[in-house]
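Look for subunit A in each of the two complexes below; its partner is subunit B in the first and subunit C in the second.
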Partner chain A sequence: MIPSRWTGRALALLAGVAVLAPTTEVAAQGPEPSPNAPANPGSSDSAPVSSQPEEEVEEVEDIEDIENVDLADLLDMDLDEQLGTTEAVSRSDESILRAPATLTTIDTTRIRHSGATTIPELLRGVPGVQVVRNAAGNYLVSMRGTGGLTGNNLVVMLDGVPLNSPIDSSVDWDLMGLAVRDVERIEVVRGPVSTIYGADAYTGVINIVSRQSTLARHAASVRGVGGTDLGPAPVGIGSASYVFSGEKATVKWFGTGRYDDTNNVRDGFRHPPLTQAGMVTSVDVSTSERSRFHVELGGSYSERSSLDQLVLESHPTERGLAFGSIGWSIAELPGVLDTVDVWARSRAQFVRTDPDLFTGFNYTDTNAVRSELGVDIGFDFHRMVRGRIGGQGTVDYIEAPYLHPAVSGTPRAGAAFHGGLSIYPTKTLDLNIHARGDIPPVLGRLQPSFRTSIVYHRDRWSMRLAVAAAFRSPSYVEAGGQFRDPATNFVLLEGNPQLQPPQQATIELGSIVAPINAVTIRPTLYVSASSSQVIADFDPLVQKTYKSEAKPRWMTGAELEVDWHILDELSLAAATGYLRFFKFDETTTPLVGVPEQNSTWTAMLRLYGTTTNERYGYGVGGNVASPRSYVARAGIPPQIIDVDVPYTGYVDGRFEFQPALAVPLWLSATGQVGMMPRLFESPFPLGAQLGGLFMLGLEWRRE
Partner chain B sequence: MPKRPLTWIVGVAALCGCGPLPLESEYSHQRAICSMDEAALFDELVEDCRARWEQDGSACAGVLGFEGSIEGVAVIVESELVRTEFDERGVPGAVTGRAGVSMIGASPYFQFSLSLQHVGGSLSDDPVLRTYVVPGPSDVYDDELVSAAIRLSTGAESNDRNSFGGELVITRQSATEQVGRFRFELGGDDEIEGCFHAFGTDFEYKGEDTSSDP
Partner chain C sequence: MSASRRGFLRAAGLGGVTTMAVGLAPARARAAGNERKAAIIARAISYERTLGTRSNASLRIGIAFARESDSSTRDSQAWLDGFASISDVTVNGNAIEVMTFPWEAGVPDRLDVLLVCDGLQWQSAAIADTTGSKRILSVGSVRDYLDDDCTLGVFDVDGKPRITINLTSAEREKVKFSSRLLKLADVIR
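Our next item is the complex of A and B:
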């Protein structure tokens, strides 16, 4: 018998979630859930709907009660309910308590009361995640010691749509198209997850979820924020949103624009300011009781500093990103068939700049499109066994003057297929195994990945042991690049099509413990081996290219997160992470993407909350990162960059209040102060410098 | 929109861009023009260059090729020289011999300059056969010795090799041409072997020869 899913919990989870998620379920009749779901800080805002067997899942209160849960109610909830569910770990709905990977969820409340003004700034407090700001709008985000100067070792998604560049998997964080205040939650999955998300998700995945539908039929907001740094130099951010939640459809629209010239000066040199505008819109329709149709479109444009691993000059560069996704899903199919999801998505990117401004290399005249088509099928064999299979096809079209002529302008295809089983032999034990085969367009051959896990869970705690292997496809630049000197036509840097895909295997032991309902503690230990890392073999003058490292590198790490719902009006979040490389070949020339060879640690502490009547909100917190060093090749023609980043840290705070209860207007004040690193801005000296940001804001929001 | 879009998409995907990137290094497009198998090709390139050099004294300065290993990289170079400078003993109209030759050309990755000094010998339109040992670090002046230097550069960086050992064979040394073969041991595992047929585009006259060359 197929378990029924049409409960109030399903509404809480499903409304507004992209149909791209393989087992998205169709919303039943009734109002959509509030974005401010369970009050347990740091946990998913979705109401707990588990893909585990029905009889193990308890009925929960109506979503309205979850939204307004106070401390007393929280203490009555079991841990599974508190934490809620996620689709980020396995692309199928599952309990966070029983998810087989390390997951951090930055929820609405924490986002709303954070001093962060960009999405990367929100990520600073996540253990195992490193964030570096090079200039306004120019960020590098990496996970667990991998990807320091390239930022292309993880997959970043917006509502399930990957936004990594098709060319080199880098991420333009200024092109998210979504203001921070319109982010419902951010799910950060750490560890190898290629088996779920394909190539490039080899250190983890970051899924940004746009604001969900609301209890009210209409919800709208308009915001304006302005301020200055210590310079002074200005920053201004405007955004607006509209969400319509109907019985059968949810329509969302978000728009944002930003001008930012803050913290842009390094030793007398001023980086170009950021000018950015973007929008995201989606329509989610229940076409029947069991089926749903979803469309999402987004686009963003920016002009910012060109600073990059291969571009050491900082000049204005225009970048644009457009994406779209369409999907149809159906659930409660007869027999062992459970769900079917058919989806298609595409993203296009361009880069333009004035070549005359540059003496060296720049990315101008880059155009890239990646389109994917896929299907995912879920099976429900038995109350103790569930499975899923799926496949997808990919087509890339890249045009760039720095790619080999045989690659630029030639469509390339790829494919992937995956399968998995989840077995529940007892009510407290979950066994999961997933495997995937990818044929990335650049690689052109089959590359496997897998993840297997055991999760033991009880009422107040769970423990998981997971083993996973993932890979990153060599980028078009690494495998098919051909950088020529415009003056002499010499090949300054050449791709290597024989590169092996960098791989990472991890064994991880993690736990979620709630000694009392108001406190959750999430420790994780892991050991990883990275192999076939890409070496920037740029020493020989006669041919500079990339090679694969022969020997593996070993690292170990620990992460700890604590969330404490102290009072109804006060929550605390703390986190720390430690990483150490303990076996590696010191003689290998600089690697692409694994620059740190030494121990690093990060720590974060944050207090935040809202008064009971929600007229006042506040948050204050800080994070610090240990010194780290990079020895990398940067620029074209490549030169050694020896970077020593000292201690860096930030303190930020935000306070908002509603002056008059009858008027839906909030005033806010935001401040950031920090020691910010300067990174690979050759030939500038390196170190840290004091930076700051102070902003005042006005928000009209109505539900 | 195609009538059967799915079929079209699958067809496009199947026809284009599957498999590893169809790329080779630029070295793979260079020909081993100094090998015995390519002797006819080398001659053809020389004659083509000669025709242009005779029309315009600087349109082509010769042909040079080499292959081997430099900086641990397997290289093969097929180059049309852009400049050949003859260092002549004597004065214009009364040249008594050749002191040195410098040849400049390029590969897809770098420009090179091959300099042969203390070549010696008289000029003749007849073929000659003179074998030298490239002296290496000892740099002793001798009839049977020349010193060689090679500079590789991209503009942004350069790599100079001199004082290396090897062998040079000159097969023609006339007032306007220099032809020969070489094998140079550049140090470590680096070694190149090649040939050249150079046409003079620039001439330096060193007056009376003060070296120990005859």
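Our next item is the complex of A and C:
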């Protein structure tokens, strides 16, 4: 019989762990699935047909209110089917349950009912991720112990296209070109993944996936949101989208614009407001049953504060980003060949500012283009062995007055190649090994990375052990910078071409457990060694250069995430992360990786859902991060910053409703308040206060 | 064996069976008979966002069969039995009323859901016209129906019941399913 939802789940939760193994032993008897198919070991052949009708009558006869029955239970969905698949971890579609790295997925429901109005705000509370807001549109996001003065230690992608700046790998979060409400999901992969994503992905990758309509062939929306902070100061956001999902093609278009002067003050100083506009469009066509063609174009423009670890002044700075990608893939090829992906992508960035406003360093007159061309080939050697190889070429063209004349305006080429094997010795065990060699344009020499993992998976849980090593290519500023003081012509910044690439090696043990369908628990433990971190070298007194830290930094961390689908209309997400450095050189202060500059722990709790068949949506939550302190030299000319950041956090909420079912209009109210609004979290002396925000919105949505 | 020990083992066995049925049933693949499929269809219908505007106090489900076909008639009876096993179920507060009728006799009034039995493939165009014009949610008994005409179906895939939804048919019938259902279903466009 099926008892009521609560009784059944309580019973199952209590007995879940004890009976996991024996039950899955029964499930393992069945035809072997194909290696990359979801772990679905049963088949109708394994269950005696004659006993089914009696069991089903027993199970369904006690149902009274059908909406109290969990549909996933009725469908006998196992954890693999419920979690679905991802391409974020290995750049090929694979089961989340069996993915060989720590992955957090922030899905569309949680995004839609969050009080976050920017993508970095959505990342708060992801364990292992540290988010710092400097000013409107100006964020530093880091992972697993690389919090500090820079945000160039992870790779951020939009629909698989990297958007990091070619100059210094920093991320302009205001140039994503996508409104928060047009994000389908955000996939946060933590750990060294350079073997998949190349240089810079040495602490992880964040992949932002644009909205995919599943409700209708044609989906469109137009939104307007406006509000104020506690100042008051205004914010206005407009966005529009169109998604066509046909049998053979998907066409998407997104546009967004934002004016934001909220929470932009610190001790009477007001930062420049954020003005931003962006657009993304993509076409995905199935050219045949086994092949598809994809093209994506996007562009953004913004003007915001210049605040940065090299620029401690805050003046208006214009930034622009344009990107494009094109790809063709074919699957199910004959013989041992399985898939072929041919792709090309390019991104161009500019930075403009008025240099007369600055007394020191600034990024004006920066132009950068990075173009890449690559091919990836998958092999299906045997049902137990699959392989993958690939290669790419890269060309950079960077122009900037703060780079050495030999570097600026000179195209530089790089290359990379990778190969890996996935072995499935049994239906429940996956072995992966992947290696890559990169010759980054900046470095000009081969740098290896690797990842190996063992994943053991059953119906209700999986466990993975992964060992990986990856690196970040030194930036053009770090390796080839040359900035002269306009007044004295002194060289205030000099890059170091001999700089070693920062590296990170990690051993990680993680698990995904679902004691009942409604609850998923994901614990992870890791130990990492971070070496050759970049240190700003001020030995020449005024002139800043860079050197590599000699000794590694060791850290350990733990992350825990719980998702509880309490009811169809109510979900709870909770997460916490812990980080501790246990061996490091206390006499050096690298740009990132200083223990005091990383929160020891973070926590997040969120309730969200919809009701009345999605006519009402709601979400409320909060996050908190433990104190940090920054004592370092930053800026050009250098200043000593000495900033203590206490406990910080936000409480946010969002409520939306559709007044009339026949009219596709939604009204919304969004609020976000810093736990202590006058507090700040930025390492920079001018970093803005947390503040608070309240907005009302109107959305026309056709789905 | 003492009575108390027998009682304990019986309770432990019951607990184990209940736990397996409720919490761990997904680990054991079972093909779905019509009783389970009826429950799944009723649950899927509860996710239909416009249901409250269309049905009155009851959810009327009509099971159409081909009069001249014995297999079609048997299919309709099997479905009737399946829904009979969940006769006490309410869907969003609405009681379920189920009836069978030969397609040739015409569609009864005020139907909310039309379940099309095997054997009516040759009437696919007429079925689509009827459900589209009258805003009736169509459910296909066999997979073929979902490729063209019907919106919803429950079929066994690798020994487990799976929901299939045709969004083009859903648009024609002015039916809107919530995103929660679509995440768990195979969607055809």
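As a working rule, the second predicted complex is superposed on the first by the 593 of 703 C-alpha atoms of A that agree within 3 Å, B and C clash if a C-alpha of one lies under 4 Å from a C-alpha of the other, contacts with A are read in each partner's own complex, and residues count from 1 in each chain.
By definition in this document, a contact is a pair of C-beta atoms (placed from the backbone, for glycine too) under 8 Å apart; a residue touches a chain by one contact, two chains touch by 3 or more.
Since the structure is predicted, the reported quantities are computational estimates derived from the model, not experimental observations.
Undergrad: Regarding the shared-chain residue A:P232, is it in contact with subunit B (first), subunit C (second), both, or neither?
TA: neither
Undergrad: State whether A:V395 touches subunit B only (first), subunit C only (second), both chains, or neither.
TA: first
Undergrad: Touching A:P425, do we find subunit B (first), subunit C (second), both, or neither?
TA: Neither subunit B nor subunit C is touched by A:P425.
Undergrad: Between subunit B and subunit C, whom does A:L443 touch in the aligned arrangement: first, second, both, or neither?
TA: In the superposition, A:L443 touches subunit B alone.
Undergrad: Classify the contacts of A:G409 with the two partner chains as first (subunit B alone), second (subunit C alone), both, or neither.
TA: Touch status of A:G409: no partner.
Undergrad: Under the stated touch criterion, which partner chain does A:G246 make contact with: subunit B (first), subunit C (second), both, or neither?
TA: second
Undergrad: Just subunit B (first), just subunit C (second), both, or neither: which does A:E494 touch?
TA: first
Undergrad: For A:N517, is the partner it touches subunit B (first), subunit C (second), both, or none of the two (neither)?
TA: The second partner, subunit C, only.
Undergrad: Looking at subunit A, does subunit C or subunit B touch more of its residues?
TA: Of subunit B and subunit C, more residues of subunit A lie in contact with C.
Undergrad: Which of the two partners, first being subunit B and second being subunit C, lies in contact with A:L661: first, second, both, or neither?
TA: Touch partner of A:L661: subunit C, not subunit B.
Undergrad: Considering only the contact definition stated at the top, list the common interface residues of subunit A for subunit B and subunit C.
TA: After superposing on chain A, no subunit A residue contacts both subunit B and subunit C.
Undergrad: Inside the complex, what are the residues of subunit C that reach subunit A?
TA: Interface residues on subunit C, with respect to subunit A: 15-16, 18-33, 35-36, 38-40, 42-44, 46-53, 85-86, 88-92, 156, 158-163, 167-168, 171, 176-184, 187, 189.
Undergrad: Any idea which subunit B residues touch subunit A in the complex?
TA: Those residues of subunit B that touch subunit A are 9-10, 12-14, 16-23, 25-27, 70-73, 75, 106-111, 152-159.
Undergrad: Which residues of subunit A touch subunit B in the complex?
TA: It comes out as residues 373, 393, 395-396, 404, 406-407, 410-413, 415, 439, 441-445, 479-480, 485, 487-488, 490-492, 494-495, 497-498, 539-543, 545, 637.
Undergrad: State the interface residues of subunit A toward subunit C in the complex, per the touch definition above.
TA: So the residues of subunit A touching subunit C come out as 1-3, 8-9, 11-16, 19-20, 23-24, 26-27, 30, 40-47, 49, 52-53, 55-57, 59-61, 63-67, 69, 71-79, 108-109, 214-217, 245-247, 459-460, 515-517, 568, 610, 613-615, 661-662, 703.
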